[in-house]
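In what follows, structures are represented as structure tokens.
Look at the two complexes coming up: chain A is in both, with chain B in one and chain C in the other.
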Partner chain A sequence: MPERLEVRKTYKLYLGGKFPRSESGRTYEVTDSRGRFVANAAWASRKDARDAVVAARGAFAGWSGATAYNRGQVLYRVAEVMEGRAAQFADEVAAGEGLSATKARAAVDAAIDRWVWYAGWTDKLASVLGGTNPVAGPYFDFSLPEPTGVVAVLAPQRSSLLGLVSVVAPVLATGCTAVVVSSKERPLPAITLGEVLATSDVPGGVVNLLTGDAAEIGPWLAEHADVDGIDLAGSGTTAMELERSAAGTLKRVLRTTAEEPDWTADPGLSRMTPFLETKTVWHPIGL
Partner chain B sequence: MLSVVSGMMTGVTPTGSTALDPAAPGAVAAPGAPRTLDAYADVTRSDAAFRAFLHGLPGVDQVGAEARAAQLGTRSIKTTAKAWAIDTAISMVDLTTLEGADTPGKVRALAAKARRPDATDPGCPPVAAVCVYGDLAGVATEALAGSGIHTAAVATAFPSGRASRAVKLADVRDAVANGADEIDMVIDRGAFLAGRYLDVFEEVVAVKEACGSAHLKVILETGELRTYDAVRRASWLAMLAGGDFIKTSTGKVSPAATLPVCLVMLEAVRDFRAATGVQIGVKPAGGIKTTKDAVKHLVMINEVVGPDWLSPDWFRFGASSLLNDLLLQRQKLRTGHYSGPDHVSVD
Partner chain C sequence: MSPFEYAPAPESRSIVDLQPSYGLFVDGEFTPGRGTPLTTVNPATEEVLSEIAVGTDADVDRAVRAARRAFTRVWGPMRPADRGKYLFRIARLLQERAREFAVLETLDNGKPITESRDVDVPLAAAHFFYHAGWADKLDHVGLGAAPRPHGVAGQVIPWNFPLMMLAWKVAPALAAGNTVVLKPAETTPLTALLFAEVCQQADLPPGVVNIVTGAGDTGRAVVEHPDVDKVAFTGSTEVGKQIARAVAGTSKVLTLELGGKAANIVFDDAPIDQAVEGIVRGIFFNQGHVCCAGSRLLVQESVHDEVIASLQRRIGTLRVGDPLDKNTDVGAINSAEQLARIRELVGIGEAEGAHPWQPAGELPDRGFWFKPTVFTDVSPAHRIARDEVFGPVLSVLTFRTPDEAVAKANNSTYGLSAGIWSEKGSRILSIANQLRAGVVWANTFNQFDPTSPFGGYKQSGYGREGGRLGLRAYLKES
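Our next item is the complex of A and B:
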């Protein structure tokens, strides 16, 4: 019986619904929490980020134009497909974050539940954040929350799966499209999440996952004139500088804290409202 | 004189093109010399003679042409060279709108964009021309008055070319009367493919005459000619008939302009100048959408025909969406950060 050859995986980006290598051809070594070699991940460059923004912009009309109900169905589908690969996620989280098998599995479950939670929110946001306004005139006046556009997400550096899902899912739930830069040291759950997204009815380009260094790519995304919002969760010490850059093009900015928050806590609407614009309609009414 | 001779010596390229010696033209005229097409008068004396001449042109090595075009497309153009290339490409754009739904308002908007492509930067050069249907040439001419930007009009039953010659000539005269100073005509591809070369030739001659002082661009519609050999023959036909520019496509047929087709046409104008001293312009149109495509064309001009053609007088891009991409790249170079489609005007 000949020994079976090992089939090794090439870790790539998820960009525009496809899995390309970095255009730069760069890779970097990923190690587990004890410093042992795990994989060579693609090291995304500014040009990958540029391409990702183009893909996200292209996907925006379709995703934001889909009904909120449909978006909820798609996000729930992500949870379903993730459930089937829970063991793989748990292994990657355990290796990357140095958690016990039980705790890693709990983090994966929480991440899956987070998709379900946001899936439920898609068609309720308008009711909670919008409504009719009493105005002194013959108008039916109402306000609606609308997605802001392309959102750059710098994912948390420590919580590689639950943190990642906690910042990506709300952006999708609002109808925005996302360009995500994963945790630099712990990118594997992000790569696997890309494979889940590719097989769960999320249109290509709606989420673009780049593995690499947020400190390198972040400034390009913060300055990019075609990015409408930025979540600075994983920006670390560069946060202040990125806020300043983002102001140049009047981006919506979700600020971050020095310490990573407890991702298991109930997020409320705090991660969705920053990426919504309010549209108010004044509709004339007869007397 | 010397450069022309050496140009002829190096005329053998990977695509198998050589400078031509049709009916013993005798001395080769220097570039810029008066038009000395007399040597070629003989080749159009009869259908048979013209066919013999066109089919006697060296064949194009398809694999070689495609490989050379692909190789020239790999050049990396950065920083100051890129800035120069972008500005040059902008100045070569024939800003085009050829839709059934075109209105005077849309043409005026396009003319305003032609005058100042980037509203945020007065340093941005204007484009070369605005290209419209003949009935809107008057609107374009009025809107472009005093700017030095040309008005190009498509004529001769564009894009199919399927009309009688009288109608085509009337179409041309009408466009010229409306103020067009450049006419983009289509050749009769049906006649060309059927081998009635002299008919096509005579039609181009007649259109050139109808143009008066207006420049004539001859659209070969290379997507319908099938082979590079046919592109080379059509190029020579158009140049001998008096076209000032040879243009790849109408933009209504796919494939439109490709790099290898443009390479074959550039070689044709190079060989034509070497043989007759007459310089002809080239205009790829259709399918050129990105700055990268445009820069590849500029590299190819420089490598194949030399810097003499690197000017809007001798090279044009027929395009509409290309301009916005050039402007986005220009803004990126100027500001240091990526720009977006919200920062250029929508056509």
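Our next item is the complex of A and C:
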């Protein structure tokens, strides 16, 4: 008999900076890797996804309009706050993914370091991807990357924290806002990440985390006319159908691979450039 | 009115050696197509210019095989500097034969000779010259050391800038080491076929560039061919969506340059005379057959009457007529089909309550023509404020505050280009920041350059053409 009975957490959605239950009232049972009950997670619905898109759209002007320096500091703050809760993340990752304590902690460390890495990118993208163009005429001409808008992220199904951070952080680094559908069977790190984001100066609505089934919510997000891009990382066998749907509104699509990639590998710019537009501005030079 | 009359100053068409019929250009040779041939006409006279082969699925397959072979055996393994030299050769050949290309483009497309001569052809040559220099410097495009080409590029281009669009597609593809199967537009294939002759003169290895003429079915065969690795399309948003759907679930890489409905914003502190020139250039350049045309004029309310009066006076001096005449400002509409589309949308504009205005003057009896048209009292809900007309039709809306201008400008499913007219630098930069458009022209309009990335936001497509970013679309990390 433990000395003290633990206080368990209710795992809810993270939407518009708040932690609501699913509007549908649905929950589903989350088990650990050995099948033991862990929690009843909120089972997000199509309407929750729509609300999340509204929240993400509302947050876009502020987040994309913030200075790159400011966004970098906010992302770094996420790493700081995560560091303080590393033990909790490690427990959740170990339970959900069936990893040893050491390996789970390594995944958490890599996830924290990924935030730091992307934090450093925010104010370098424009100089790496943009520049002045030496046009053959009396014009000052420059090109700059700009965020695409609202991005739907179907998070990886297996790597519940490192994979999740690896797909969410780049979207934020570009200045886009995100609607994220977590791993279905391993959703707990996503909700804990929501708690971190809520206390890290990330404005409400910039990231919206839905726990549930990407196969159920994905098609609505792929079709949604106010979603500008979609990362298909965790879409599994529905990837082709979702890409077809996304074509109806010409969304920017980041395709997925049959096998989940090694999330510890250096991602380069590969997860940011799909959600960046380029704006070219011309102005005459003259007296 | 001017006391002076213009004497006709027609450019001679004798420089062009039109053949009665053209085949497909596959594997370095002209070969017959298996489809039922189509004819291409001069839209200014409706005269049939030539008979054009139509590529079937089997023809496209033959072209893709030739391109694959050339990629594997010749173009891929070639020293990058030599690839560059071929492109320099092509650039020079285009310059040498510039007048011939310009006259042919004007005959086939209907655009004024001054534009084909001074814009289309020089820019096409410039694109080859620019990309030629990239061929042996690919380590510097930002994809790490030794980036690799995709392989075979399938490219489908529109009729509004036939040779220039060819150059925008072919030059970066070849510089990066890809080989090409290109499908020119159904109504404007002739300069692409003359370009095939340039490839022969340059001794470009067979199969590196293949040109398969035809209509939509031929284009679909190119896009959907399983051995095409990279698809690039310029054209309508509707077809762009079909293509995006068709490549879904494949490993094909796609770039799309689609429609637009650009806002051209005139603030009350703008230099009005300059702005009027820019408005005219923005919408009547190339008969308005321009995806980035400034088709929505947003004028600050306080200068609306002054701008419209000045604009109408200026439009009254535009000369509409024989595209080969060097005095002509506005040429022929490219096809009967496009003319019907323009007429339909203009009819809808009138029916919805906007007020059309056209200058005085006669149009030629034969050919496809539409007068420069300005609609005032347009509301953002009108079809002529939302749909791409792709013709010489300007819709005028007003605004009071900068915020309203931005909101109205961004109120579009498109996001290709925009214009800003103001003498205040900080205002220009602020508005440019807020516009959701891929190209923003401030105190100018419709400028293009091979070093300058071009392409859209939202449903105007994705990917860029021009500059380092445009080239990257034809490469992948090794």
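Points to keep in mind about this one:
We take it that the second predicted complex is superposed on the first by the 280 of 287 C-alpha atoms of A that agree within 3 Å, B and C clash if a C-alpha of one lies under 4 Å from a C-alpha of the other, contacts with A are read in each partner's own complex, and residues count from 1 in each chain.
Convention: contacts are C-beta pairs under 8 Å (C-beta built on N, C-alpha and C of every residue); 3 or more make two chains touch, one makes a residue touch a chain.
Every value quoted in this text rests on a predicted model; they were computed, and no experiment measured them.
In the superposition on chain A, A:Pro2 makes contact with neither chain B nor chain C.
After overlaying the two complexes on the shared chain, residue contacts for A:Glu223 are found with chain B alone; chain C is out of touch. Using the contact criterion defined above for the overlaid structures, shared-chain residue A:Gly35 touches neither chain B nor chain C, since it reaches no partner. Looking at the superposition, the partner that touches the larger set of chain A residues, chain B or chain C, turns out to be C. Once chain A of one complex is fitted onto chain A of the other, the partner contacts of A:Leu129 are limited to chain C, with no touch recorded for chain B.
In the superposition on chain A, A:Arg244 makes contact with chain C only, while chain B stays out of contact range. In the superposition on chain A, A:Thr278 contacts chain C only, with no contact to chain B.
Contacts of chain A with chain B, set against its contacts with chain C after fitting on chain A, overlap at residues 248. On the chain A side of its complex with chain C, the touching residues are 128-129, 131, 133-137, 139, 141, 143, 148, 228, 239-240, 243-244, 246-250, 252-253, 268, 277-284.
Of all residues in chain C, only 126, 142, 144, 237, 240-242, 244-245, 248-249, 256, 258, 428, 432, 435, 437-444, 447, 449, 451-455, 457-459, 461-462, 464, 466-469, 477 touch chain A in the complex they form. Partner chain A is touched in their complex by these residues of chain B: 331, 336-343. Residues of chain A that touch chain B in their complex: 50, 53, 57, 220, 223-227, 248.
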